[in-house]
């Protein structure tokens, strides 16, 4: 447990001092500040549009963060041989990996909280230009941002799993990007191939798609943006299922990553 | 989960290596036998020099001892615990070869990182960090990020981070590399001090002079095999065949003369008889360098 | 061993969660599946040269979404699709990539009949005609919509004229003539639908057109039967069953949308299905 905290704090220090990260956050802030300007494009739905822009900006920022931090933090330690000095300490490798993961998760969480506040302000400014029929549903908005950050925390666990498997950064970075794209599509694809409109498809294809559907993460579950934008009531059962799914899927990924890292050699 | 590591009572050595072998599988699937059947026992309070030319397998041994890589065969224990268990490193100070540390941290922050990993409290860490930085002449760089450190400074910080928790066992991989003569002297003094405190030090090097001065025992490894293990004093003095006499004559001139064991008594008597002062009698053995080169050349033959 | 058990437990937990989650997502409100599409001008700004693919994916998304709606209709279950978002998305797609025929074809197929948005669709088709100036199907659709749904015969004539010019095919002038001759008649709808059924590639869309045609044919059969009845017996029938009893029609046609046909007080053919009402009984007069 001790090793976990030590690695977590050291990794957080590293993230806080990372210039690339500062630039990225600056860019996200700029997008959010500009959101009210963008939203003037829409005459009918200024608040809806600014909410969309804000949620997209947050989502994009978290995606880059998850892939970058998740993919690079362990990979860089191995590449620059920091592992020789860190793993020579009495720190179990699993604590090391979980500490790294926790650091990434903390950054993702705090970024989404910070950007969430900024975007609330931004949406309010936009809405003041053209007062909307219905004011923003704060609960739904926060739920959408929370679900979004859970999604990217899960993605960063994938990036960590890949970097505990591979010596090159191709797998962590492009692998997790691929998972991101595939995970966003599985629900729609599986609904399509199991629907009656796809009766002409071969059985083996349908089985493959279903197999992938249960193997890959299902990011559709984490998309609450529509509920946030239009204030549609959230289903409590759905939220609980999504949260449980996040916990179990992430734990499985981390378990697997710990297993792989424990077997790695660092010559 | 094996818990037998706890029952290894009364192990005969602090570092215990038996039949240790390592075969690397390189990129092109070629096999490299880096270490072959190494047996070694290092006792408490001993300073052991692990001497070998480049590529002999020193770092391979040390990486197995510190859990970075897994042996292909054999076993290794630190303080009675098998090295694959991270807990065996709780009383170890380890300096990797050409070390690199999280360079976004300052020297003090890194020492705190290491100290906390060993479960030290923050107040003790603060006090010890000051001490070890002083010991390695790094106080001036305490608050600087390590990104700007020279190679020698990094090496000294590497030594400082092995000392902060005051462990019983030290493993250094090439501790003198990258250091200037002042730094080398500092490290030699440091190891001597550790010996005086009764610590166990196992370090690798390819420089015989380092061993000669500070080690109790030396092991010579060449091409992955341990070729010899000896007491340094035995090597330097033990195989003495000749003596070098320094005799000061009446006119003030000093004459040096090499004599064999048989002739020694005669010569000493003669020197006295000539009213000269016998200033020094130095036993002349093979020195450590000859000893080392002999072994290496033998292997290469 | 302990680790393996923990792993098995987690996998079990995963299986126990992923199935209800999948079901839950499948049952999401349809509008959540479709999502919200920002204004096309904004999208164009940020699309960064990827407008074509973005437009195509938006159109596909709507087509796919509408496919699930049609599924419900075919199961004779009435669901109201999220028209506003669907149309917004399709409109945005047409602005991003005005050349994509899928977009117009889909708008024509989806928004006119059951949803009664002929006016919006014609606006979209006008936009498309500026770009796809070689394509006769856009003015053809627009002409049909004007005549059949909007009863605007002047515009219809102009569109059909344009279709004839663009294609060099006199069929369109003939069709135009026929449309006017059958103005307000369900035979016009059947003729158009037959044309569309012949062209449709997507089986679902084909099925949709067939359902619409069957509704029109059923109503036609019943209306002819009622007229025959009145002629033969000198009074209006009170029940549709009378047509069968008197041997005017072999049996009562089924309503493809799951309703029951009946005669109202004024002797008009009606059905209990909301959609059939909309399709066959009171064609939309525009907004």
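Letters are used for the chains, namely A, B and C, taken in the order the chains are written, and counting of residues starts over at 1 for each.
Going forward, contacts are C-beta pairs under 8 Å (C-beta built on N, C-alpha and C of every residue); 3 or more make two chains touch, one makes a residue touch a chain.
What you are looking at is a predicted structure, and each value in this text was computed from that prediction instead of being measured.
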Chain closest to the middle, measuring from C-alpha centroids that were averaged per chain: A
Chain whose Cα centroid lies at the greatest distance from that of subunit A: B
Whole-Å gap between the CA centroids of subunit B and subunit C: 85
Rounded Å distance between subunit A and subunit C, as computed from the means of their C-alpha atoms: 39
Centroid distance [mean C-alpha coordinates] between subunit B and subunit A, Å: 48
Touching residues on subunit A, where the partner in the complex is subunit B: 2-3, 5-6, 9-10, 13-14, 17-18, 80-93, 265-267
Residues of subunit C that touch subunit A when the two form their complex: 6-7, 10-11, 13-14, 17-18, 20-22, 24-26, 29, 31-36, 38-39, 41-42, 45, 61, 64, 67-68, 71, 74, 203-204
Residues on subunit B engaged by subunit A in the complex (per definition of touch): 24, 63, 66-70, 86-90, 92, 94, 96-97, 99-102, 104-105, 109, 113-114, 116-119, 158, 161
Touching residues on subunit A, where the partner in the complex is subunit C: 38, 41-42, 48-49, 52-53, 187-188, 190-192, 195-197, 213-214, 218, 220-221, 223, 225-227, 229-230, 232, 235, 237-238, 241-242, 244-245, 248-249, 251-252, 255
